Every structure is written in C-alpha cells, then in structure tokens.
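Down below are the structures I want you to see.
Look for subunit A in each of the two complexes below; its partner is subunit B in the first and subunit C in the second.
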Partner chain A sequence: MADLVKFTIDGRELEAPAGTLVIEAARQNGIEIPSFCYYEGYSLQAACRMCLVEVERMPKMQVACTLPVMANMVVKTDTEQVRNARKYTLEFLLSNHPLDCPVCDKGGECELQDMVFRYGAGESRFTETKLHVDEQQWSPVVFYDAPRCILCFRCVRACDEGMGVGALGVVNRGAMSLIAPNHGDHLECDECGQCIDICPVGALTSGTYRYQTRPWEMEHVGTVCTHCSDGCKTTLGVRGDEIVRGNNRDRSGINGEFLCAKGRYAFDFYNHSERLQSPLMKVNGKLEPVSWSTALKAVATKFSSLQTSGGKFGVIGSNQTTNEENYYLQKFARQVLGTNNIDHRRTGDVTTLVDALSGKTGKLAATTDFYETPAVLVLGADLAVEHPFLSFQIRANYRHHAAHVYAVTPDVVREDQYSVQSIRKPAGTEITALEGLRSALAAESGLVIAFSDSVKGAAVHTLVEFGESLGIPVKYAALVDYTNSRGAVDFGLTPELLPGFQASGQVGLTTGEIVTATDLAALWVIGDNPLQSATLGSTKAFVVVQDMFLTETAKNADVVLPSASLYEKNGTVTNGCGEVQRVKRAVSTLGTKPDLEIIGLIAKEMGSAAQMGPWSPDAVYNEIRSKVNGYDIPLPMVLMGAQQTAPVNGRVGVEPRPELVRSAKENLFTSGTLGRYSKILNSVIERRAGHAPSEGNS
Partner chain B sequence: MPYNQPHPLEVRVLTRRFGLPNSQSIDTYIANEGYQALEKATAMSQEEIINEVKASGLRGRGGAGFPTGMKWGFVPRNSPKPKYIVVNADESEPGTCKDRLLIEYDPHQLIEGIMIAGLAVGAQQGYIYIRGEFRYLIGVMDKAIDEAYARGVLGDNVLGKGIKFHLATHSGAGAYECGEESALLESFEGKRGNPRIRPPFPAVAGAYQCPTVLNNVETFCAVPTIILRGAKYFADLGSPKNGGTRLFCLSGHVNRPGVYELPMGFNLLRLINEVGGGVRNGKKLKAVIPGGSSCPVLKADECDLAMDFDTVAAAKSMLGSGGVVVMDEDTDIVKAALRIMRFYAHESCGWCIPCREGTTWLKKLLQRMDDGMGQRSDIVLIGDLSKNMLGRTFCPLGDAAAMPTIAFVEKFREEFEAKVAA
Partner chain C sequence: MTFSPELEARFEKFLAKYPADRKRSALIPMLIYGQDEVGSVTDELVEEVAKRVGVKPLEVREVAGFYSMLHVGKPMGKHHVQVCTNISCMLVGGAELYDQACHKLGLGHKQVSADGFISLEEVECMGACSWAPAVQIGYDFYHQVTPAQLDKLLDGLKAGKNPDQITEVPKVNC
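Right, the complex of A and B next:
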C-alpha cells in the first residue's frame, strides 16, 4: 500500500494513501463532494465540474475528481465560492434539461433532481427556448432521450471499459452533443443495460421498465438471478404483485451493480401466458386441470403403492431449484422412496475438481478472485457471453490492476482484446496448451484458472497437477451452466454421491439410464426437461412433473404440478464459485407452489412428514448446516452476503462421471430453459439476428 | 494569395523572405540563410540550444505567451519513450491570420525551427497539425517537406551528420477546440477532439503518451533566427521579457488591414494609426480587441499601450495570438459580442457543462437582446453567466468565451442598456 499522507478537508484532519483522489478521500470520510461524471471504477473525465473545491494556495478552484491528496493539503468543500459553483453549474445543466420529471422514469431516483434539491438554486433564470431532439430507440431495451442527457459519459465508459464492447460514442459538438451508437442507428452490444442503469438522469431508459411505474411505488426485493451460474444478486422492483424491473443499483452482493441482459430483463418468463397455474392430471389420455389435493393424493397414492411393490423409481432434479429443495428431494428419494436413481443435468466437472484438490484448502476461486488475482487463465469458455459477470470481473481486474489474462479457447473471445496470450485450441484439447504457458504462468504471483466442460475427468487432474507444480498460489473454478448447478452437485442430485460429496454406496441410475430403462415404474421430474429430445423407455411408467410450463416432458406426464420460479420462493443457491446466497420471494403466481412445499406435501400425503421434517426453507437449511460438508454457514452470514462453501477435504469416495458432464453452452443470446419464455429476451435475440453482428462478439 | 504590402515601420525577421521570388522553395531558402541555423545547432548540445532559446525571451505565439525555452526544458531527457515535436498550425482564433502566411511563404523556416526543437529535446519525428480549412497549405507544406527530404535535410542522415529526423503533415477536421494543445493531440491521434485532463502536460505525456514539444507555427519560425543570430539579437528586438518580433494581424475598420511584423512592445495606437493607416473613413476609434476574439476588448482610451504580453495583461486583456481587431465608432458592441459568442457556442466541444451550456445560453441571450427583446435584468444575467463560466471550465475555451463578454458588458454597458430601452 502506498504511504499515508495527512491532509485537511473542511477542518478535519484526515489521512489516506498517497494518490487517493480528493473526492474519494472525502467520501470515505463522510464528506460529500457531488459529481456526475466521476464514477468509481471508470476513467476520469473532469467534465461535469460539480466537484470543484477550494484548495489553499491554489489560485483557482480545483476539480476534486482528478486531484490526488497531497501532504498538508487544505481542502474546503463548503465555502461560498464552492456552493456558488455547484449552484450555477446546476443552473447551466437545467438550462437545456426538459424538466419533464413528472413523466420521466427517473423521477424520484434521479441524481440531477437530488443535486438540484441539495445544491441548486430556488429559481430559474433561463427564459430561452430549449434545444430539442426526438427520442431514439437503439434496441428493444434501450431508448435515448437526448434532451435529458447531461453528457456525463458514464454510459460510454460503462460500455467501453466495463463491458469491453464500446457500442456508444459522442457525436456533434457543444450543446448539440449527443450520445450515439457507434453502429448507425442501433446498438451492437450485449444489451446488458448497464448504460441505462448508470445514467444519472432519465436519458437512457429501459424498454421493459419505461412508463411502467413511479420508482416510489415499488418494493425492492434482493434475490439472485435465476439464469447463469455466476449468481449475480438482482434487486427486483416489484409493484403490486408484478416484477417491473431488475437491477442492482445499491451495489450490494458479489456483482456490485453488474447485471447482464438476462439478469436485467429476462425476469418476465414468470408471468408468461403459458405459465401453469393449476395441477393437471391425465384423464382419458388428456391432461385436465384438477385441484392440488386431488393431484397430490394421486401422486402420493401411486408412489406409496409402487414403493410397496418394489417398483423402480427415477428422480430427475433441477439446476434451478434451491439448495433446500435439492437436499429435501434427494432425502425424499433416498429415505422415503428408497432409491439412488436420482440425477440432474451435469454441466461442469465440479466433482473431479473437488477430488483432485483433496487435501488442499483455499483452492476454489471465488468471484472476487477474478478481480483481485494478478493473473487469470481461461480454458474453453467464451466468458463474455457464457459467464458475463466473471468476464466483467476480469476486465475490471485488467483495468484496475493490469491483470495478466491468458485465454485458451476454440474461438475468438473478448478476452483476446486485453490478454497477454490468446491461444486457439479445439474444444477438449485446451490443456495441451498448458506446457507452453508454463514459464509465463510460473512468473505470475497468483493465478485463477477457470475451465469449461471441455476440461473434464483426467484433464482436470492434469490441470490441477500443472497448477500445483507452478509454485505460485493457484485457485480453480469449474464453470457450470445454471443458477444452482453447483448446488445440485453439492446436494447429491447424483446417483453416486450424497450431499457433501459422500459416496452413496449403491450407485443408482443416471438420467440417461432412467429415461431409457424399460422397467421404470415411476419417473419424477422436478424442473428439468429430459424428454425434450428423448422418448421414455418405459411405457408403463407413472410420470410426475413439477414445472412452470408444459414442457415436452410435462406433456408426457400423468400428473403435472405447477411450481414456483426462483423469484417466487425463499431459500439459498450456490453459484459456480461455491458462494452461497439467499434467494427471496419477490412475487407469487396464483396456483403454483414452491417445489419444496410440493415435495413436503407429497411426503405428508404418504405419511412420511415426520421422517422428512418441516418443509420450510429455514428448517431445511438448519438441517443442511449440520449434515452437509462445507455448508455449516450461519444463515445471518449468508444474509449479509455470499459465503463460499468449503466442500470435502479428502478424496471423493467414488469415481467421478466426467462422461456425463456436458454444458448446454447457453449464452446471452440463446434463449435457454427459462429464457425461451421471456418475451423481451427473445425480442433482443431476434433483433440481434437481424443485424447479423460480426463473429466472436469482439 | 498575395499578402499585404509591407510597411516601413516593420522589422522583418520572420517575414524577411516574404516577397522573394519563389520564396517557398528550398533554393530561395538556402540562398537566404536557410538551414544555416540547423547546421549550427547540430554542433550545439541540447542544453545549449535550450539555453539559447530561454535567453532569447521567446514566448509562445499561440496566445498564452509561455516561455518557449522553459517548455522545452520540461521534456524528460532520459525518458525511454520516443519524443515528438508537434506543430500547432490549427490557426483558428478569429482575427488571427499569421501562421498561414508563414507556411505559405516560408515553409522551410518552419521545418528548420521544428528540426532545431527536435535536436534540443532528442526527438526524431515531427508532425505539423494543420487546420482542416487550410487545405491549400497542406500541399505547400508537403511540397516543402518533399524538397527537404530530397536535399537530405530531412531523413535518416540529416545534413550528412548521421542524425535522424522525419516530418509529416496531419490535417485537422475543422474544430477550433483542436487549437488547444491537448485536444489537438487527441484529434491528432484520431480521436474526438476533446481536451485532456492536465497534468500530465504534453512535455511529459503528449502524442501517444510520449514526451512532446508542442508549439505554435510562429514560435517555431522564430527559432532559426535565434540560433543563427544569437539570443541577444532576438531579445533586443523586443521589450524586456518579451523577445523578438510579433506578427500582428490587423483587421477591422482600418485603412490598411494586414499582417505586420513589428517589435514586441510596439504601441497599439501607432499600429492602428501609422501602420494601419488609421481608422477607415475617418471615423473615430471605439474599441480594439488586441489579441484575437478571446481577449477582453480595450476601449479607445485604453489603447495607448505597448503590445507585449505583460503590458497588455496589465491592462486586463491579453496579447493572445496577435489578432488586432479594430472597431470604429459605428460598431454595435452588442452585435460584436453576439458574433463572438455565436462562434464560441458553435465551437464549444461539449465536454464540460459550464462551457457547453454557458456559451449556448449566452448566445441566445445576446441574440434576444440584439433582436430588441432584451430586458434590463438580462444585462446582469449576461455578466453573471460569464462569471459563472470563468475559471470553472475544463479547458481555456470557456474562459475565452467568458472574458470578452464580461469586458463588453463592463466597458460598454450603456450600449446594452440602449438595446433594452429601444
């Protein structure tokens, strides 16, 4: 750390590391210096002139956002001159601002409003005609209302520096300056919407949120995004019983304010018109709506009789259900149904990694490690579109810490723009590039290695041996697909492993074996769609499906139980980096129940309620803490923020099954299991296809 | 394009070759002391060259009047990065039209000045950033550069002495703002011409973030004379701390407008009345803008002063870029203020709020006043807005717009009041 220097702001003697900007030093000590263009993490602009302060022995006022603290510097932020500078800068700003606050999305949470309220003049002296430019739509989700724009250039930097996309620029001059897309009249970008989020005023507005509500009419529910495994915290704006917005403006959670297109917009699947709102039962070969009690009784009766008669059960769990649901489901399968025939879609070889790292601690990379570690090696993944938050972290690491990035991938990836080495290797052969990187990597002072599903089985062992031979601290991340893919493995949704990577003893059937088994008596699918591209081998199997939609699998069911989405329930999920986070119910959809409750009710109908225990998320979580390796994390700690789990610290007791690992390679622009029900995501994808962007998203 | 007839009071140093047959050719240049200073400089150490320039009292001719030798001294000599010489030929200050003549009639003098600067700081590459509207000058300059290469003046073996120096022109794209040195560098690098945060200054991090000497055309053109005839010769031409001559661009309501090379410290009234032949049509003098549109106006009774940086500054204006704009008694000061503010509103780059919004607001306000729709309170507002821009903008363009406006209102308040009353 740089040396501390002593200085004075507003009469308070303070100290901060040399090089700290006055604006930061002041804010860290609770002294507000207002700014529009200064934005932590992005390049300095000194454009808005809101942060002018007086500094003793300097003739003119200085901009606090580019001025580093110096020894014995005396700064004054609350003098007549400074107050006037703020007041009149705001007067200038308002001179061409439309003041359409009553109909502006930003009204109520607008930084310009707040600044004028705090520092502005009480009257307006501007009597001329204001400039006007018509509103433009740049994409299905991004609108630009130029007159409101105060030209702070935050959006330009968020896109260029934060996302590595650079879709925005500035055109024209003087008061006619406009923010504009760099590709004609439309954006060619990730549609992450951070430009909208970061806009201090209502110049950039969201296609999904605009004119929906006043900000103060919303409840704000902090939960975890249900799409990829990065596990970004998203704060859902809920009005009545409707989600109208997703963002994370309070910068809480592992992701700060980062969200991608899916996290920000693709929440609307939950109220899709095809959403199931009543249990269905097959009557005369046709699925008909029935009451919950009828459906549950039917399932319980059938399960009980099949269990008594020794029928073969197959249970397929989900990558998108909570840890509590996963734990409860496998417990039900193993203890009530008496079967290890339980599986889920495996998307990354977590098990082999845990096995290869046995005996070592602190080896699993957390999301912060992608930002803080001096070097990052990416194997096989196109992070920018598959794991947008990790990609964002690496870019920030590169900008702020000059991190060395190495990419070994089949195709061009965005990391190439700032990597020290990019190597092209066909999928599955990435590790052949390792030896060539040995001397460069061994010279680093710390390394994070993230690998996709194309590094699995023996290759993971090779990779870990390589990493451990470098003689530097190395952490690893096995990339997985969905919001709780990691939780599905950790909680034993596999035939060979119990929760906490303990051997299940008698290995049951895998998903593929369940689906093809001709003697299967019952198939129970929770939140997956195994029959999307397969036919069930057993013709007489009793099929129960818990899902939000009538999927291909649900259409083949005898009983369909409508389940709640991740935004409609409480519990915890574990992201790809093993960080456990709390999900919180934002809304509820009439007629649906959380999977945990459905499983509990089936258990109750079968008379197994006592054995299964209560089906409240907190009760199950308490059981998890005492029973599952690595999860002894007090709930308040999870509530405060993500806590990384520490799974088994010894060999995994069974042979991992790398042959079952296969990522769906979903990315920002494939609709995915839930995305296909998101209208806004589909409109973005269609529009994007229409513009046929260049290859490689770079 | 012919330049104006020379005047006997002129001291022709930088313009001494103007009017010679084929003055822009390398042959004429060499036959008239050309490249002798460069030859001399190759035998001098870097310190010696810089000290000579310091001793000459040469101050930046772009407007700010910063001592040139000191600016060169800021270039870190031991930097491992390449160093660059960049010439600001983005002459756009209203009222100023001297650099174009220096390029058009004596391009080799500029090349020689650049090369001596290169020797002084250890640069091997120079660029001449020429205002986009001066398209015809790019051809003149390129031709001169080609000649210099052909004669072994430029290239990998300058004058056969094993020294490298290369030079090229670069066209601006029509923004006044790019005359500001850091915006010029941004534009030069192919980016939008917004000024940069300073420090670092160009001497430390200029073109491509490398140490860069950036001066005005006239500044570089003075260098060969300083080296050839000595610092004392040059310093003695002008007034104390203001070495040399100055190319004054006399325009407006005078009988003989033109560019005149006169010693620093030449009296402004004599410039108008003797060199310029007096105010046109026998009218009385009302006001003078002494150094380009961004300099506060001087009333007629303030014009009896020496035209050097310090004296004009003491009169609360600036010598600026040497653009002397003469206004006779019939001049409508509100219209003049409006014309100038239109220019600044049009040329504001839009980067910072006070300049971007302030110039536009002032333009509208002055327009309304000139249209006879002004109110008495608007006069106060004009002054207020200008003061609210002053010293608070990102670059000097805001000050350049505010200062003349403040002066117009303070010195000619009665004219603004008359517009309101009318």
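Right, the complex of A and C next:
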C-alpha cells in the first residue's frame, strides 16, 4: 500500500494513500464534491468543471477529479467562490440543455437537475439560440437525445473500458459535439444499457422504460436476475404490479451496477400474452382450462394411484427455480413418490469439480475473485457472450490491477483484446494447452480458472491436478448456464446425488432415460422443456408440467399448472460461483403460483403435507440450513448480500456423468424459454439480423 | 479501396514512419491526403483508413469530425474559402469579412457553388491570431485581410482564376 498522506479538507484533518484523488478522498470521508464526468472506476476525463475546489497556495481553483492529494494540502469545497463556480458551470451546461424536465425520463433522479436545484442557476445570461438536433433511436433499447447531452463522456468510457465494446464515440467539436454510435445511425453492441444507466442526464434513454413512469412512482425491488448463472442483482422498478425497469444503480449486490441486456430488459417475458394463467387439463385429447382445485386433485389422485400400483415416475426439475423449490421437489420425489428418477438439464460439470477439490478449502472462485485475483485463465467459454458479468469483472481487473488474462478457446473472444496469451483449441481439447502455459502461470501470484462445459469428467481432474501443481493459490469456477443451475446440482436434482453432494446410493433414470423409457407411468416436469426436440418414449405416461408457457413439453401434458417466474416469488438461488442470494417477489401474475406452493399443494392433496413440512420459502430454507452440506448460512447473511456456500470437503462418491453435461450456449440475447417470450430480446435479434454486418466491431 | 500510386506510396511512407503498434499516428495525414484525392472524407475512405491503421471506423469518424479541415461526407469546392471568426479575428473584423464573403459568393457555411468551383466555411481558430483577421483558401493563408483584399480574392475566384493567379493579394509563405 502506498504511503499515507495527511491533508485537510474543509477543516477536517484526513489521510489517504498517496495518489488518491482529492474527489475520492473527499467522498470517502463523506464530503461531497459534485461531478458529472468523473466516474469511479473509469478513466479521467476532466471535462465538466463541476468539481472545482479551492486549494490553499494554489492561485486558481483546481479540478478535484484529477488532483492527487499532497502532504499538508488544504482543500476547501464549500466557499463562496466554489459555490459560484458550480453555479456558473451549471449555467454553462444549461446553455444548450433543454428545460424539458417534466417530460424527461430522468426527471427526479437527474444529477444535473439535483445540482441546479442545489446551486440555483435558474436564470441564464446566455441569449444564444439553443442548438437542436432531433432525437435518434440507435437500437431497440437505446435512444439518444443530443440536446440534453452535457458531454461528460461517461457513456463512451463505460462502453469502451467497462464493456470492451467501444460502440460509442464523440464526433464534431466543441458545442457541436455529439455522441455517435459505431454504425453511422445505429448501434451494434451488447445492448447492455450501461450507457443509459451511467448517463447523468436524460440524453440516453431506454427503449423499455422511456415515458413509462416517473422514478418516484415506482417501488424498487432488489432481486436476482432470472437468466444466466452469474447471478447479478437486479433492482426492478415496479409500478402498479408491473415491472417497468431493471437496473442496479444503488450498486448493491455482487455485480455493483453492472447488468447485461437480459438483466436490464428481459423481464418482459412475464406479461407476454401467451403466459399461462389457468391450469389446463386434457379433456378429450384437448387441453382445457380448469380450476386449480380440479387440476391439483387430478394430479394428486393419479400420483397416489400410480404410487400404490408401483408405477414408474420420472421427475425433471429446473435450472431456474429456487433452492427451496429444488430441495422440496427432490424431497417430494424421493420421500412421497418414492422415486429416484429425478434429473435436470446439466450445463457444467460442477460435481466433478467438487469431487476433485475434496479435502481442500477456499478453492471455489467467487465473482469478486475474477476482479481481485492477479491472473485469470478462461477455458472454452466466450465469457463476454455467455457470462457477461464475469467478463466485465475480468476487464475491470485488467484495467485496475493490470491482471494477466489467459484465454484458451475455440474461437476469437473479447478477452483476446487484453489477454497476455490467447490460444485457439477446438472445444473439448482446451486442457491440452495447459502445459504450454505452465511456466507463465506458475510465475503468477494467484489464479482463477474458469471452465465451460467442454472441460468435464476426467478433464476436470486433470485441470485441478495441473492447478494444484503450479504452487500458487488457485481457485476454480465451473461455468453453468442458468440462474440456478448450481442450485439444481447442490439440491440433488440428479439420480446419483442427494442435496449437498451426498451420494444417493440408489439407481435412477437421467433426463434422457426418463424421456425414452417406454414403461414410464408418470412424467412430472417443472420449468424445463425436455420434449422440445424429443418424443416421449412412453405412450401411456401421465404428464404433468409446471411452466409459465405452453412449451412443446406442456402441449404433451395431461395437466399443465401455470407457475410463477423468479420475479414473482421469494426464496434463494445460488449462482455459478456458489454464491447464495435472496430473490424477492416484485409482481404477481393472476392465476399463477410459485412452484414451491404448487408442489406443497399436491403434497397436501396426497395427504403428505405433514411429511413434507410447510411450503413457505423461509421454513424450507431453515430445513436446508440444517440438512444440506454447505448451506448453513443464516438467512440475514443472505439478505445482506451474496454468501458463498461452504465447500463440501469430501469425495463425492459417484460415477461422473460427463456425457450428460451440455451447455445450451445461451448468448447475450437468448435465454431458453424465457428468451423466446421476451419481446425486447427478440426485437434486438431481429434488428441485428436486419443489418448485415458491415464493419469490424472488434 | 485503391488510391493513385503516388498516394499509395505516400501512405506506405506514413505507416512505415511509426512503430508497428502506433500505426494510428498516421491517421490524420492519411485522412487529409486521402481527402485531397477523394474530394472528401467519404464512408469508404473512413473504412479504408481505419483498416490500414488498425482502429475502428468510429474512431476515424471521431477524428475526422473534430478537425475543420477534414470534410466529412460532402466534398467542398475546388477552392475552399475559410474565414476565421474566432475571438482575435472577430475583434478586428473577421465576422464582417465572413458576412462579406457570404454576400459576395451567395453561399453560407459549408456551402458549395453550383459549379463546384468555390465553397465557403466559417472556421474556428486557424492559429493566425497574430495576423488577424485571417483567411485561408485551400492550403494558402492570407493575413491581415482587408475587405478590399477579400473582394479582390473572391472576384478573382469568381472569374475562374486560381489563387496563384490573383497576384494583387499577397499570399503568406508558410
């Protein structure tokens, strides 16, 4: 750590490491120095002049955002001169900024508006006509209103440095300057919307949120994104039981303010017109709406009779349901239905990694490790597309700590731009590149290794042996696809494992075997779509599907129970790095129920309620704490933020099933069934298809 | 996109002048000489220069938009008259010179005559404050220009002469 420097701000004697900027030192001590262009984490711009302060023995006011603290420096941030400077800066910024706050989306949470209210530059001495430029739509989600732009260039830096995309630039000069998209009149980018979030004014607005509401009319519900396994916290803006916005401006959660297109915009599947809002039952070969009680009774009666007659059950769980639901489902399957035929779509070899790390502690990488560890090795994954938050963390690590990034992937990836070594290997052969990297990696002081589904089974053991032989601290992450893929494995949605990676010791059918079994008596699918491209082997099976939509699987069902999405329920989920986070209900959709409640109600109808215990998320969580390895985390800790599960610390005594592991390779704009029903993701995909790629975007 | 052999040779010289990882340093000279040949900074030129110096086309457009001597999209006339109206020139009659040019040529800011021979632009500081008011035609500078001198220059151009042929007004050798 750099030496501490002593200095004074507003009469307070403070100290900070040498090199700290005055604006940061002040903020860390609760002294606000306003700024538009300065933004923590990005390069310095010194464009807005809002942070001018007085410094004793310096002849003119100084820009606090580029001035490092110096020994015995005396800074004043609240003098008549400073206040005047801020007022005049605002007057200058307003010389072209329209006063359309009443119709501007940003009104109420606008940094410029706040400053003008505080410093009161209500009157302008400028008589020049304001320059008008028409508003432009750059993509389905990004709109630019040039006159509102105060040219702080936050968006340009967020896109270039934060995202590694560099889709925004500045054209023209002086007062005529404009922010410009990379393809003339439109953007080709990740559509992450970081530029919109970071805009201090209403110059960049969001296609989904614009003109929908005012900020103070929304309730803000912090929950976890329902798409990929990075587990970003998203704060949903809810108005009148409708989600109108997703962002994370309060920087709570593991992801700070980062969100990708899916976390920010793709909440709109929940009110799609095809959303199921009533249970359906097959009557004369056709699915007809019925009441919940009829549907539940039908399921319970059939399940009970099949169980008595010893019929073969198959249960397929989801990657998107909560931990509580997964735990409760497998308990129901194993204890009430008496079957071990339970599985889910496996998207990464977590089990083998846990096994390979047995006996070792502190070996599973958390999302913060991607930001803090001096070196990162990526195997097989195109992180920027498949795991945007991890990719963002690595870029920030490179920017702030000059991290060494190594990428071994089949194709060109964004990490190549700042990697020390990028190696191309066909999928499945990534680990053959390891020995070539040995000397470079062994010279690092710490390493995180993230690997995709192409490294599985024996390759994971080889990888861990290699990592452990480097003689440096190494942490690992098995990349998985969906928001709770990790929770599905952790809670025993596989025939071979019980919750907490305990060997089940029983035989059971896997997803593929369940689907093809000709003697299956009942198939129960919760939030998955195994029949999307397969036909059920058993013609007489009683099929029950819990889903939000009439998927290919649901169309084949005898009973369809409409379930609530992750944004409509409470509970916890575990991200790919094993971090447990709380999900919170933001809205409700009439006619649907959370899967936990549906399972509970079926249990009740079957007379097994006492055996199953209460189906409230908190009650199930308490049971999980006492029964599931690694999950003894007090709920308040989860409420406060992500808590990583404890290591299992023992061999997982099961045969690895690498052949069952297959990632769906979801990209920035796809997300299984949810993606299919997200209007905004579809419009982005359509728009991109409409524009033939014309110039290099790398 | 291909250029004349002379320009290709010139580009090669520029690119060879800078270290391999600093090729972007050749961006501005390539744009200005490219513009001389193409007529303006066209989309095609932007793409080509971006490719050759290894930057994104957007980065080229950022540079091209910043410099008033680079004309993005629309070509200027064969003889491009530039009148400075920034503070030093404005204080000694630059703005009046610009108005005079507008009236005389019947052109506004960045407008081109119908025959493409003359164009006019009100420019930001051209670094000739000590000799204000300054006027530039093509790459030629005229210092401490009087309204009478400007008239002569513009009349000459309107009569189809090149600036070299308008000997009454001394051009600055820089």
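Here is the rule we use: the second predicted complex is superposed on the first by the 682 of 698 C-alpha atoms of A that agree within 3 Å, B and C clash if a C-alpha of one lies under 4 Å from a C-alpha of the other, contacts with A are read in each partner's own complex, and residues count from 1 in each chain.
We take it that contacts are C-beta pairs under 8 Å (C-beta built on N, C-alpha and C of every residue); 3 or more make two chains touch, one makes a residue touch a chain.
Computed from a predicted structure; not experimentally measured.
Colleague: Evaluate whether subunit B and subunit C can sit on subunit A together after superposition, giving fit or clash.
Modeller: Here the two partners, once superposed via subunit A, clash with each other.
Colleague: Please indicate which partner A:44 is in contact with in the superposed arrangement: first for subunit B, second for subunit C, both, or neither.
Modeller: Touch partner of A:44: subunit B, not subunit C.
Colleague: Touching A:170 in the superposition: subunit B (first), subunit C (second), both, neither?
Modeller: A:170 contacts both subunit B and subunit C.
Colleague: Would you sort A:128 into first (subunit B), second (subunit C), both or neither based on which partner it touches?
Modeller: It touches subunit B, and subunit C stays clear.
Colleague: Per the overlay, which chain contacts more subunit A residues, subunit B or subunit C?
Modeller: B
Colleague: Report for A:70: first if it touches subunit B alone, second if subunit C alone, otherwise both or neither.
Modeller: neither
Colleague: Contact-wise, after the overlay, does A:93 reach subunit B, subunit C, both or neither (first, second, both, neither)?
Modeller: Only subunit B; A:93 stays clear of subunit C.
Colleague: Please work out whether A:180 is in contact with subunit B alone, subunit C alone, both, or neither, and reply first, second, both or neither.
Modeller: second
Colleague: So in the superposed three-chain picture, is A:58 touching just subunit B, just subunit C, both, or none of them (first/second/both/neither)?
Modeller: Neither: A:58 stays clear of subunit B and subunit C.
Colleague: Run through 92-100, 110-118, 236-244 or 272-280 for subunit B and report the one that clashes with subunit C in the overlay.
Modeller: That would be 92-100, the one stretch with clashes.
Colleague: Which subunit A residues lie in the overlap of the subunit B contact set and the subunit C contact set?
Modeller: In subunit A, positions 169-170, 172-174 sit in both the subunit B and subunit C interfaces.
Colleague: Please give the residue numbers of subunit B that touch subunit A in the complex, ascending.
Modeller: 175, 177, 192, 197, 345-354, 356-361, 364-365, 368, 381, 388, 391-394
Colleague: Under the touch definition given earlier, write down the residues of subunit A that touch subunit C in their complex.
Modeller: Interface residues on the subunit A side: 166-174, 180-182, 184, 695-697.
Colleague: Can you name the residues of subunit C that touch subunit A in the complex?
Modeller: Residues 43, 47, 50-51, 56-59, 61-62, 64-68, 124 of subunit C touch subunit A in their complex.
Colleague: Within their complex, state which residues of subunit A touch subunit B.
Modeller: Subunit A residues touching subunit B: 44-50, 52, 60-61, 66, 84-85, 88-89, 91-93, 95-96, 125-126, 128-129, 131, 150-151, 169-170, 172-177.
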